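Pasting the structures in now, so scroll down.
Same chain, two partners: subunit A is paired with subunit B first, then with subunit C.
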Partner chain A sequence: MGEAALVLLVGLGLGAVFAATDHAVLTADAHGIGVPIRRATRLLLTQRRTTLAPDRLLWRIGCVAVPLLAFGSLAVVPITGSSLLSTTADLVWFNTMEVLLWGAVWLAGWGPNAVHALTGGYRFLAQGLAYELPLMFAIITAGLGAGSLNAESVVAAQDGMWFVVTMPVAFAAFLLGAAGFAFWGPLSAPAGADIAGGVMSELSGVDRLSVEAGRAVFLGSAAAMAATLFLGGGHGPWLPGTAWLLIKTLLVIGAMILAGRRMPVVRPERFMDVAWIVLIPATLVQALAVALLVISGYYG
Partner chain B sequence: MLTDVTLAVLGVLAVAAGGAVFTVDSMARATYALLASFLAVAGIVLTLDLTYLAVVTALMMTMEMAIMGVFMVMFMMNPGGLMPMTMMHNTRGAAAVGVAVFALLTTGIWTIDWPDARGRPSRDSTHQLAEALMGSHMLVMVVVAAALFATIIAGTVLATHRGRYDRFGPNLDARPPRDPIPGGLPR
Partner chain C sequence: MELRGRLDHLARRVVGWAFARPTVLVADSPGTTVLRWQLEAELDRRRWPIARSPADADLLLVLGEPGPNLQAALDVVWSQVPAPRQRWDIQPGADISTALDRSHAALLDMARQPEPRTDDPGEFLPQNRSHDEHHHDDDHDDGGNDGDHDDGGDGHHHDQQGHEHGGHDAAGLPMAGTAPDRDGLELDSLHVRLGPVLPSWPTGLVIEGRMQGDVLTGVHASWIDRPAPRRPGDPGDPDDPGGLSGLRDAGGASGLRDAGGASGLSDPAGVSGLSDPGGVSGLGAWSDLSAEDVTLLDWLDRLARFLDVAGWPAAATRTRRVRHDVLRGGTVNDARADGSARRTVRRIRRSATLRWSVGGIDAVLDRVHQWCDHVLDGVANSRGTTGSEGDAAGPPGGAAGSPRTWTDVEALVDGQDLAAIRLIVASLEIDTDGGSGASTQPTPSTAGQTQMGGADE
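Let's turn to the complex of A and B:
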């Protein structure tokens, strides 16, 4: 029970930090953590508007699924040294939560029976075909180095050296994938201004809160997972493991916003070329290099 | 006991969602009803402590259904997909085949003389599965992977209606190529 509450709390906290930092960087309006809280309260109190002949059932399922999947992905991150759900396939679990988001976001775009939302949903899937394979190779590379798909074992395997040292390409591909599945920053075309907000365009009130908050929690959770898989998780001197993990997660969040907000939004069809011609070979070579290091006994 | 109840509930859910595919009137709903059925099956596998198989089932099926839904909606006579449609064709024949196969499988499952479990289940079923699949059958898997990949590429090559002459002109010297989508890298 306490573990579940912790995941909920850490997820909301990281999501709020991400949203607040993102807002501050975009608008130079540094009101800190109050911004997302105020916005959430306002959305909670706003009445929902609807469209003509929406597919209400699928629309609601899509909106509700986004935050549920975000917390589900955080459940396999070992926050206190152990995770809420410790399985023999944590890394695949995280990946599955992110893939279920494909369905959720497309439904959120499909549901309102509106052209811009539907276009956004299609863009999300098209973009998914681009970032998904590099993201999968990045995740599996960390599992390969640790010889296990369990997140705690991956952290344990980084006792001597962080995985980012031997897996820099996988680390970068993971963060890019995170931007992709949260349709944020350079990969925010599914919610782009050129299609009036895309999948978000018809969302209002509590539905909008659900998707926006879920997206922020997903970004925070992805940063925590990046710290776990590549930056040694809770390893570090003096401070307890949980503190180290949170510090690293906050640094990853900062780095993501710093890098992501310097880039323009990439058109999905252009990103597709880059992903298949550059990213997939790069992540495959990265996995090959790690596999050779594993065979040579480098990771012990 | 709790496991039995969970399995029964998920089983009923899987069949019910599968049935819903043929009763709902929109392609999007049919697609996601099918996904719900697959997710219930993944839940069954998860209840049986085969975590890796369960999450991989959920992962693959979600991806497949998400992409399939797009194509199904696209190829429909009414591309909006919100107007009523039905998934039924050859109703009587399909029902007969469905009932016959269901009866055959159920009879088989309940009457077969299943071997008793020997030894204790492994703590790490993922590792055990990897050993079973990849340990002694690595060569087969590698050959199958290459064959599958070649099939995908061959299928794409056969399906595309544009060849290099369409892209680069009759003398293959048109630069840049005439592509409907410009792409993000120099060509």
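Let's turn to the complex of A and C:
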């Protein structure tokens, strides 16, 4: 019970930090710390509108699923040295949560029976075809180095050296994938301004809060997972492990936002080119290199 | 009782805090460009965000006096704004700050009602739909951002519908039928209308066509509340065999500014009434803006809106801040505005990601780079210096493949996907203030270019 509450709390906290930092960088307004909480309150006080002839059930399922999957992905991050759900296949679990988003986001786009929302839903799927394979290869590369798919074992394997040293490409591909599945920053085309907000265009009130918060929590969770898989998780001198993990997570969040907001949205069709011509071969070579290092006994 | 009073007080404060920065949807009628700049400057100062769709809006601010069809479209938009909400008209010359304060106070009042509920927004549409219209008017499907009832009466839509099979009605709306796509495959096909009210879109412009996937074909472009532009082959237009001059025709539908921008803009009469104190744009107290300032503001505005559409909000915000600075300073000689303009615009000009992402769609990138150059030139010229980066791009007016006529525009966007259409439209120098009297008189240089282009005559 306590651990579930911790995941909830850490998830909301990281999501709020991500949203606040994002807002601060976007608007160059350093006083925006309270913005996510204010916005959440505003959405709770706003009418939940509907459209003409919506597919109400599927729409609701899609909206509710986004935050649930986000918290689910955080459940396998060893926040206090151990995670809420410690399984033999944590990395697969994380991957599953994020793949189920394909359905959730598409339903959120399909539900309102509106052109822009549906276009956004399809853009998400198209983009998924581009980022998903590199993301999977990146996750599996960390598991390969540790010889285990358990997140705690991956952290343990980074006792001497962080995986990012030997897996820089996988680290970058993971963060890019995170931007993709949370459709944020340069990969935010599914919610693009050119389609009036896409999958978000018809959402108001608590429905919008659900999806917006879910995306933010997912981004925070992905940053924590990146710190776990590639930056040594809780390893570090003097401070307790949890503190180190949070510090690293915050640094990843900051780096993601500073990098991601420096560029415009990459159109999905362009991103598809890069993903298949550059990213997939690059992550495969990365995995091959790590495999050779494993055989040579580099990781112990 | 005292406890209850305290709770009420607390609830009021929470509502006031939650709605302290309401989200705003701005609808600018033709001729209110300067008013929109002033409003956006004030909104940025208050840090009130701009909504992307009615669903996320608290305030609907209508600038100027929309024509009957735009008014009807705005009624539909308004029906899709969730409560608590306020709709407020702002006329040119009005005190923007007061209007914002009042609409905000009214919004808070509504939010503090025990049950701030309005009608189901969806109910609005069928009531407004006459039986005749409903076969080609699927405005509700356009992301909830339009809903104009301008029939046009030209029969154009009926032709398109004729190609589709198997459409059925759902809730009084036609469902998608199927039709062969551009590759000959049978795909779902839906009649879709973009505009007249969308974020960073020339308010009043309507582009409609048949959508398959996210590709639009059979595109028809028009202005709401303006006479339909004449087209080649249209009956009843014997005087104008080319039929295309309506674009820049003084009394005509207007719409496209001279492609190079500079020739029309540098002419005080060519700024579409922007610099004309008596014009529709209600320059009023802002008449101290020189024509050059207005030109620079116009480029910055186009650039900011393009960046919004291209999904680069950080750069769009910065560009808009430069515009506010120029607007407030009333001159580009303000050193701060000058410096930040240069930094911002150079960064956009150099962005490899923008080049790569947007490149390949028509000449969108060229036109946007030209605006960047114009801004850098404008800043340099007003400071009496030369040698900006823009020199390499040649003199202003060297149009980067800009279309000249509606038919050209339709040809440009036909067969493109939604993203490309939005980018193309955002990169065109479309004159939303068109139709304001003499504003669209071709200047000599314009006429010369027209002949070079060879499309109009």
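Please note the rule applied: the second predicted complex is superposed on the first by the 299 of 300 C-alpha atoms of A that agree within 3 Å, B and C clash if a C-alpha of one lies under 4 Å from a C-alpha of the other, contacts with A are read in each partner's own complex, and residues count from 1 in each chain.
Note that in this section a residue touches a chain if its C-beta (ideal position, glycine included) is under 8 Å from a C-beta of that chain, and two chains touch if they have at least 3 such contacts.
These numbers were taken from a predicted model, which means no experiment stands behind them.
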Contacts of A:Trp93 with subunit B and subunit C, given as first, second, both or neither: first
Subunit B versus subunit C as contact partner of A:Ala117, first or second or both or neither: second
Touched partner set for A:Val266, first subunit B, second subunit C, both or neither: both
Of subunit B and subunit C, the chain that contacts the larger number of subunit A residues: C
Touching partner for A:Glu202 - first (subunit B), second (subunit C), both, neither: second
Partner chain(s) touched by A:Arg215 [first = subunit B, second = subunit C, both, neither]: neither
Subunit B versus subunit C as contact partner of A:Asp55, first or second or both or neither: first
Touching partner for A:Asp194 - first (subunit B), second (subunit C), both, neither: second
Touching partner for A:Lys248 - first (subunit B), second (subunit C), both, neither: neither
Those residues of subunit A which subunit B touches in one complex and subunit C touches in the other: 53, 113, 122, 266-267, 270
Parts of subunit A lying in touch with subunit B, wherever the complex brings them together: 53, 55, 57-58, 61, 87-89, 92-93, 95-96, 99-100, 102-103, 106-107, 110, 113, 122, 125, 128-129, 132, 149, 266-267, 269-274, 277-278
Contact set on subunit B toward subunit A in their complex: 26, 28-29, 32, 35, 51-52, 55-56, 58-59, 62-63, 65-67, 69-70, 82, 124-127, 181-185
Subunit C residues touching subunit A - in the complex, by the definition given at the top: 14-15, 17-21, 47, 52-53, 55-56, 58, 80, 82-84, 111, 116-118, 120-122, 125-126, 140-145, 170-171, 173, 190, 192, 198-200, 211, 213-214, 307-315, 317-318, 351, 353-354, 356-358, 418-419, 422-423
Residues of subunit A touching subunit C in the complex: 25-29, 38, 41-42, 44-53, 112-117, 119, 122-123, 186, 188-189, 192-197, 200-205, 208, 261-267, 270
